[in-house]
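I have a structure here, written as structure tokens, and I will follow up with some questions on it.
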């Protein structure tokens, strides 16, 4: 990481960037209010930091070893822009701000009528952002793959419904991009591009999606450790797009016999991740549990754990949904969830961060 | 399961029990206010239920296939005693009742002074039950194994401190029994006998501990599924002791690389288990996360998820604790945690159970 | 699945395919020597099999529920082409035939000299197929990503080296395709297209790679169950390309503390998978263990377990390799491994399949 | 670890042991042919090694940090008794010697006739040691728990059958001890005491079983890492009983969906463990796979991986076995397995250890 002096000129910054490229690395330039920080993308061991420390305009040049340095709190100490945590604006909504954000909608968009009916319902319930899957990743090629799996025209039509519903009910929209060939198309219609759990490790997709410059909702793979999750978020950040909303959605259950939930919702990952990165993190209790009868409790728990928001599947008739009905709640139930979560958020927001790690206290 | 008629006589009940033994099974007799239910311990496939259905005094005879039938809600439908959930009284404290219960104390009892100082602190902070480890299970034979690992006299002395601290500060006490040879001794001093995570599968210990008739705090093994957890709780229930307090304390992390928490706290297990059994369940965020800086958040989350209480490690000087210092909080911090948890409990208690499984709605 | 009569005409087959499309599914037509089998891609529940059973030329129409039906032994019973197991020809090499196949080469192609030196060495050692990574998937964006991560020209040059080395040393070549934008380019140069562990769930990439019609080496994701692995192989088969070589390469370790191997090599998956599918399966002990000192033992074990071949990383100087040196062996060591594996293969090939499942014996 | 001089007197050794006790640790004295090594049981950080280094008769005093130091190769470098690996004699059988050892018998002893019939069969097939479960650990209290679960007389009778069968067919016998109250009884009849997978963490049982001085067959817990497995074997070694036979028997499967084997057999653990400890390790393919149709392949693979022997469930009529029939093979099939394994053993024994870790080569 290279920290430039407050009065460093554009020429000095460009010179540093050029020097970095000489060593086969790329530069990620973050201009804060008071200073500019240049992150290095690539193998820092090749870099002679002593040489960089004495270049004109450079205040400090230091090695950062963590694999997710660009999104780390360590980096942010110098970058400072994110403060306590980064706030990502999407339309009028602020993700990571003072209020929890609720993302809701159908698992899969089925028809225009279905989408609009649900959109109206979730808006009334208090949702801020509309979700709806068009390119659905599925465990079996023999299952319904979403309207996006048909012709290009079908995909585009479904995407246009989503955008229209977003405009009509005044909610930004988020939908998943499953493959590189869909990126351009989806980016035309969606306000937030989602990377699903199965694609977390797909670094080429991450890079391409990041390049669109729109906020990215990035879901943890169900077999990934927190370190891996953050290390792949770094692929997005490395394209100079730091508008990344992390999403915990459950990891594979451990042990023999029935687990009673589809995945194990790792809520301690929420505060643990917040100690590592300045990025906001939301929770998806719907996919994590796979059970509508656990959504109320686990939504409350996620907000109590400190999540910046929730992503919840809603359907006016869960029993009829083509995909994931058993985990969808109705818009009315969503209203109850949002109400309870807001009250919990107020309650815990003040009490947080009272306990510190022993190591923090010592330092 | 055999359900007796409301007016069944003692002789009729005894006759049924005798008949059950003939088939090589044992009988678990639960006398409720209105009727008596006889659970079968052993392989029900050997039982001719038709034969039992026509014995005098028998109302209904039915096969229940779940491996944890004695503690199941299905069983309780007939037994009825537990109502919405079983309340386990320990001294003046009610576990599983209207208020969350807080169990706190040092990970390991080190000296009388240490124990009393912490007991006084956690009492002041609002704790209801005092915990303190004397027989410590450890991953390495080369680590401190608790005062119980010395002579019989040392173990007894440490146990007597615990009992004395409980009396002095008016808190029932709980401590772990690690092996069968310790059961009699520990049962003399403790109000609640704890089975630790590493002993969950130790069916002989479970049977022996259950036989003492005292409430059992039963921790989930860190590699066990929920089904296994409940199936081993059934070993305790099979000795006709249903005063079982389940405890979720984290399962092994999944994935490569750093996990940032010692275990994965499985909070969705709380409501999922509550749908299966009438037993109360508490959460131990200290062992689950291994990090004092996450205790506040995860305690709030556990209560929001519906836990009946918490088990938290406390120490006046976490940095000095012989065992698990990095996860202990101070009594002052405990006070903050308890305060926040109480407010969250009130808030969510009313809103619960709003969403039901699709299957429930259909039936 | 629709089984056509032996004398079904092309028109009759086309008519069935057309009817299938009417119901929103796709048809996978497999013409065997004696009959034609039409697999259905999509949700079979929509199909009125009674209607199809009476169409001209149809012998039988039946529902197959397994999510990997096109690659299942069940399917092959009718299809019959694969016999005991499918043999996939690549140049003069037969994968899945009577002899185990050895795929070897550097983890990452670094220079032309490095590649040719290793290619010469592994050929001498007895390897049949040359491997070499050009697009390297990495856990960190800050690590070396392979020569393919540079310009299009760099990638193409490295690919041309690989093809040239293959021609010079008479070995077909295999290399990984990491993203959809690389598929066309890699397919020009490689004889076998590899899908790496991190991309197993990337269904769009699978579909696109399959469409090239070349054999696909398909690696199990390190967090995937066998069922998931086969269900995603089905995505490849669903594009009518059944030249799929499965590859077991280790799954994430379980439990706290050191695991001593990078992944857990799941060798029982080899015979378990062979009972489910007619596709050949090879084993990669290099990535699974991450330790060169375990390669000899685990290669022997893999062949003893029934693997159709091995994929092994080799380097003339493992300590110098840019990627995965600690798991590479020298060409000389590879020769020892191949020799031992061949002898074990002969020894066990005759003794196999002596024990059958109880269910098989009953039927 | 304290290494005494070759000519150290008994008094000097006793003095060192006394000094160690002063610091609250225990001493494990190993007298080799040429020197005596004193291992420390407990927290070595309390020990002033400088002080010990200058005690009379002491050659060297050094800290060893690994949690399983008493069974480590590091320790054995000084102790030397075990040489390349420790050989444990049981009757005429040598476990860990030049020939693989085959342990076979029924999962559960059901009747005397059943046991004798199987014992005769497995002896004829080439088995060396007879296994038979009397105290069966089960996942459900409602399943058959073995003949040991009845009266003390029943348990003793079944044990006497086992001992008698062992004498009659000239095979040492091994059976499981599930709880501390069974240790004395089982030790009277069995030649080897088995600790089952569910009791691996039961340190009090380990200590008590070790104290009997008989060889211990120690199974890895299905959720334990290799480090944990060895750290708990250390509890046995710490009672000065190093006749420990480790047993790999599968760990919990990873991932969603069907796994097709009961557990994941971790065969790479075999050579990985052999690099860490001088103790022999055997493999149990029966419990690992739960499938009789995989036993042949996985037995061959285990021996190829370097296992010192196998533990296999056999029954003359697997379909009739009360416990684990689907994973039992017949004595005839066992004969085939043993024959193939012997040939593989000869084949690989010579080729082993050809590849070394890079770190070894550098040192």
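Letters A, B, C and D mark the chains in the order given here, with residues in each chain numbered from 1 onward.
Everything that follows uses one rule, which is that a residue touches a chain if its C-beta (ideal position, glycine included) is under 8 Å from a C-beta of that chain, and two chains touch if they have at least 3 such contacts.
Values in this document were obtained by computation on a predicted structure and should not be read as measured data.
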{"item": "Chain pair with the higher count of C-beta pairs in contact (C-D, B-C)", "value": "C-D"}
{"item": "Most remote chain, CA-based centroid, reference being chain C", "value": "B"}
{"item": "Euclidean distance of C-alpha centroids - chain C vs chain D, Å", "value": "37"}
{"item": "Between chain D and chain B, distance of the C-alpha-averaged centres to the nearest whole Å", "value": "33"}
{"item": "Geometric centre distance via CA averages, chain C-chain B, whole Å", "value": "48"}
{"item": "Residues of chain D touching at least two other chains", "value": "139, 222-224, 228, 231, 252, 254-257"}
{"item": "Complex contacts: residues of chain D adjacent to chain B", "value": "40-44, 67, 69, 137-144, 178-182, 198-199, 201-205, 208, 221-224, 228, 231-232, 234-235, 238, 252, 254"}
{"item": "Complex contacts: residues of chain B adjacent to chain C", "value": "139, 222-223, 252, 254-257, 262-263"}
{"item": "Parts of chain D lying in touch with chain C, wherever the complex brings them together", "value": "223-228, 231, 251-261, 264-273, 275-276, 285, 288-289, 291-298, 300-306, 318-319, 325-326, 329, 333, 336, 339-340, 343-344, 347-348, 351-358, 360-362"}
